[in-house]
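You will see chain A twice below: alongside chain B first, and alongside chain C after that.
Right after this comes the complex of A and B.
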């Protein structure tokens, strides 16, 4: 079995929770303390990853280069990781510069049925002698068999691990077990799981993933992340230790990290009505904030907008459709 | 022997090339005299054979061996392949229409600069998202004092994106951003592409966002309406579904593009808009050439 790796995207998924306005001080503090706590991997950037700062998804306070440089300076043992979605980030405009700044791990992501979009980015990262993972986003939308064939494509391009993302927080523990077991049975490389807490299942689903063979688990301090947030890192690590698994993380240093992070910026996300509806509708958690804003502007029920988006099977990145859906609903009203 | 049509060779037998074939066969001004790809068993080559069109599986070599077969070459391969084809086709002196995001040649948006493209012999059709968005970005820039940022987001159906489209995602973004900058004069531009696998397949949709310090919404609405009407002359399924609004401090507007359903079903508006643009260009070139021949 591959060794268990805890990967911490507090400074990436958490960007969604503050509309991508993490400050220099936030990044300084968190990266320094993550190194001290023995975190294996720290993922940094705009909520939707490299090159994603936009009107569509929200503009970052700091550039990709600024965020990566700050963290790079503070990390020695902890590896620096980024999330990269082809269609948003290009090799020439974004990825090349990120590798020059010293990124160790590049998680190349696509919607869960579109793995062939990741080929060039994964091959480029491997060609530059860095670690490349393949990430299947919104993976609740495809069957285990479809996920398997997409993951095999990524493995073929050179991905060194496959991460299933429950981007909408829509999984039940049984789905996690079935899909992770299937991927572990057909892949040669490690399998990971990235949970969201829309239905309050982030920790439970992460443990189910570990039990089913996942050896890379994502969690964030206080669960700081899009919508209802991610698996709460401190609780996840504690629960894993409790179940006899070693994470290499110093728990008390991690608890201290989470406390300091919460004081500074990482407010524990609320499992509110809109997050629950997004989980039920199977819509990406990052839609919660813009749906609330636009629904208010057009005087429509934000839940109805979310359900409409779910009906259309929108994928992460299609935030522009919120406006059209809200406008359409307001005209029907 | 002169006919009332110009001869077209289509290079590339994927989704784009095969859809172009159907459109060329329907055109009163164009005839397809060669349809050439690489894979003899491809669906495109099979269909062309059934339609009685001269086919080859020798890609560009079929044109190089018989350069007299055509007046116009439409290259529907990939950006990397077009960069290899470019000097070879240039040497033959054909009117070349490049469907790939190669960023070579003069770019063409028929609703904006059709006439000037006729005097070039290497015309690039940018990208599907570019054909949908650049004319609107141009309308925004023309109707506003200052535009400080333009962003374009397109969503297309997974089933409408063939292997070359997928492998050319970075080139798509770079070519679309380049055209947005050059047609608007705005220095900052961003292009984003989403593929959505929902079944039934989604229609192509494109959203434009613009940051305009002092927006004049009245003149913007008129400029956009007028541009949409110009595009509809060659892309019948092009519709404005969200007229310009200000939301969250930015201008937003959205179009939907339904295709003619020639090779792929009507959801593939992305395929249709770039192909309709190429046909509009080829027909205009043919009309002009044929007039010169008649007159001469």
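Right after this comes the complex of A and C.
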């Protein structure tokens, strides 16, 4: 069996949980302890990735360059990774600077049916002799066959691994098994899985992915991440070790890392009603807060708004549809 | 497919989370809302079951009779259930009184290799024309074959269902699948599963149980329960509905119930380092607090004590072995 690569986006997806206000001290401590625990990969940056700090998405306390420099200084064996959504991150402003700062792995992401958008960024990274992964976000919205053809495109651009993201936490273990098995059967490169916990299945789905052939798994300390959070890293690693899989991680050092992260992040993510409904509806957790606000304004049930958004298959960036959905529901009432 | 029976022990296993101090108001509100949501079964009492309120295990704020009477008054379609460990609950003092108060289902529990101990209690309940289940606790400690022969004994005594408890949260989904399938293949009565979340797998394991043939699943609001907690009821029901299974529960009413429970219980269970290590070691979560206290006293790592207790295969009631394990480790250091 191939060794599993655990990729830790606590300092990227986790930063959603603190509105991107991670401090210099948080990054210093976390990156030092991650290196010590033998983490394979540490992903760092704004919650929405490189170049995404903005008035609309929330401004990071520290710049991309500051965050990457701090972590770069503390990492030796652990590889430094970034999440890159073309559109937020430009090649010649953001990506070039990040590579100059010593980023090892660039994960270039698009909505699961829009792999074309990742071509230039993946090719640029490969041209600079760095590692590039392709990331398919909101992957529950496409069939195994569609995901397969999008992943093949990314492989064609030079991607060295494909990561399926369950951005809305909408998968059941059987879905994960089927899609990961299919991707592994048609690709020549490793496949990974990034879980969210909206239905309480982040760890269960990650184990299903590993059994189906995924060799890269994402998890964050205490599950810190957008909405209901990610797969809780230390529980994931414990469960993998318990099942006889190796991760190269020293578990007790990882447990300490998670305890420190809990102090830094102040409170753990919560699996509440709106997270659960967003998981069932297949809507990204980032919609929860604006949905709650707008539903209150229009005196409609925020859960009904979420279900309506699910029916309309919304993706991040379409937050204006919340208003439309709330208005429709308020007129029906 | 058989309909799934969801059994909710929030007012029993959940009471561990508040040291058995559930108030009259908590019970009134929860039982009324559970009935409204269409819960099939509500399990009520001290965390360790009927007759277990004591100086050693913690005293309940309310007596068994008070708790059962309050809930009985509010339940119509929802059946009232109790957890009974022979030794804590006597037949002629505790069990007779509970049946007189109108309990519908009595779940008679023993360590997974000691089904013999449940014979008299199960036979008594059946003689009184009430429903009796057999419960095998700490079931990760026995093979499928051993669990099978113990379950057959319980079936022979008259048990009308067998519940496998993952008391230490030590199972992986594959273990659950294998054991539930085996039990379903040899028993004539329904099989159920009661999860704990020490490895973050409570929901994943519960879904695996349902797929393997289990038709009774336990879950508690927000996961309230001993240690790392149980399967989070509302996420479990959402995931089951998402997978096309029916539970008879009105999900939105259940989400409201869980929100109210969160207010009553004040804080959600946490999946911290010691919970994770206890899950890997296969030690019941109730050991966590005394282990932390004694390890500190002897200046040894509480995680090492937990692993040592797992090696010695301790079960509840053997807390005196903590001291012995800590002493041994401190002498090795």
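Note that in this section the second predicted complex is superposed on the first by the 297 of 333 C-alpha atoms of A that agree within 3 Å, B and C clash if a C-alpha of one lies under 4 Å from a C-alpha of the other, contacts with A are read in each partner's own complex, and residues count from 1 in each chain.
Just so it is clear, a residue touches a chain if its C-beta (ideal position, glycine included) is under 8 Å from a C-beta of that chain, and two chains touch if they have at least 3 such contacts.
As the structure is a prediction and not an experimental result, all values here were calculated from the model.
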Practice item. Check whether A:280 is in contact with chain B, with chain C, with both or with neither, and answer first, second, both or neither. Key: second
Exercise for review: Give one of first, second, both or neither to describe whether A:252 is in contact with chain B, with chain C, with both, or with none.
Suggested key: second
Exercise for review: Check the residue A:54 against both partner chains and state whether it touches chain B (first), chain C (second), both, or neither.
Suggested key: first
Review point. Once the shared chain is lined up, is A:314 touching chain B (first), chain C (second), both, or neither of them?
Key: first
Exercise for review: Could you look at A:92 and tell me whether it touches chain B, chain C, both or neither (first, second, both, neither)?
Suggested key: first
Revision key, fill the gap. Chain A contact check, chain B vs chain C, more residues touched by chain C
Check your understanding: After superposition on the shared chain, which partner residues are touched by A:77: those of chain B (first), chain C (second), both, or neither?
Key -> neither
Review point. With the two structures laid over each other on chain A, which partner does A:238 touch: chain B (first), chain C (second), both, or neither?
Key: second
Practice item. Kindly classify A:296 by the partners it touches after superposition: chain B alone (first), chain C alone (second), both, or neither? Key: neither
Check your understanding: Which residues would you name on chain A as touching chain B in one complex and chain C in the other?
Key -> none
Revision key, fill the gap. Per the touch rule above, chain A residues touching chain B in the complex are 54-56, 86-88, 90-93, 111, 113-114, 116-117, 119-120, 141, 293-294, 297, 312-315, 317-318, 320-321, 323-324, 327
Revision key, fill the gap. Touching chain A in the complex, chain B uses residues 149, 151, 153, 155, 158, 163, 166-167, 169-170, 173-174, 190, 192-198, 202, 205, 207, 209, 211, 241-242, 245, 247-248, 250, 252, 254
Revision key, fill the gap. In the complex, the residues of chain C that touch chain A are 170, 172-174, 199-205, 207-208, 211, 222, 231-232, 234-236, 238-239, 241-243, 252, 255-256, 258-259, 262, 268, 270-273, 276-277, 279-280, 303
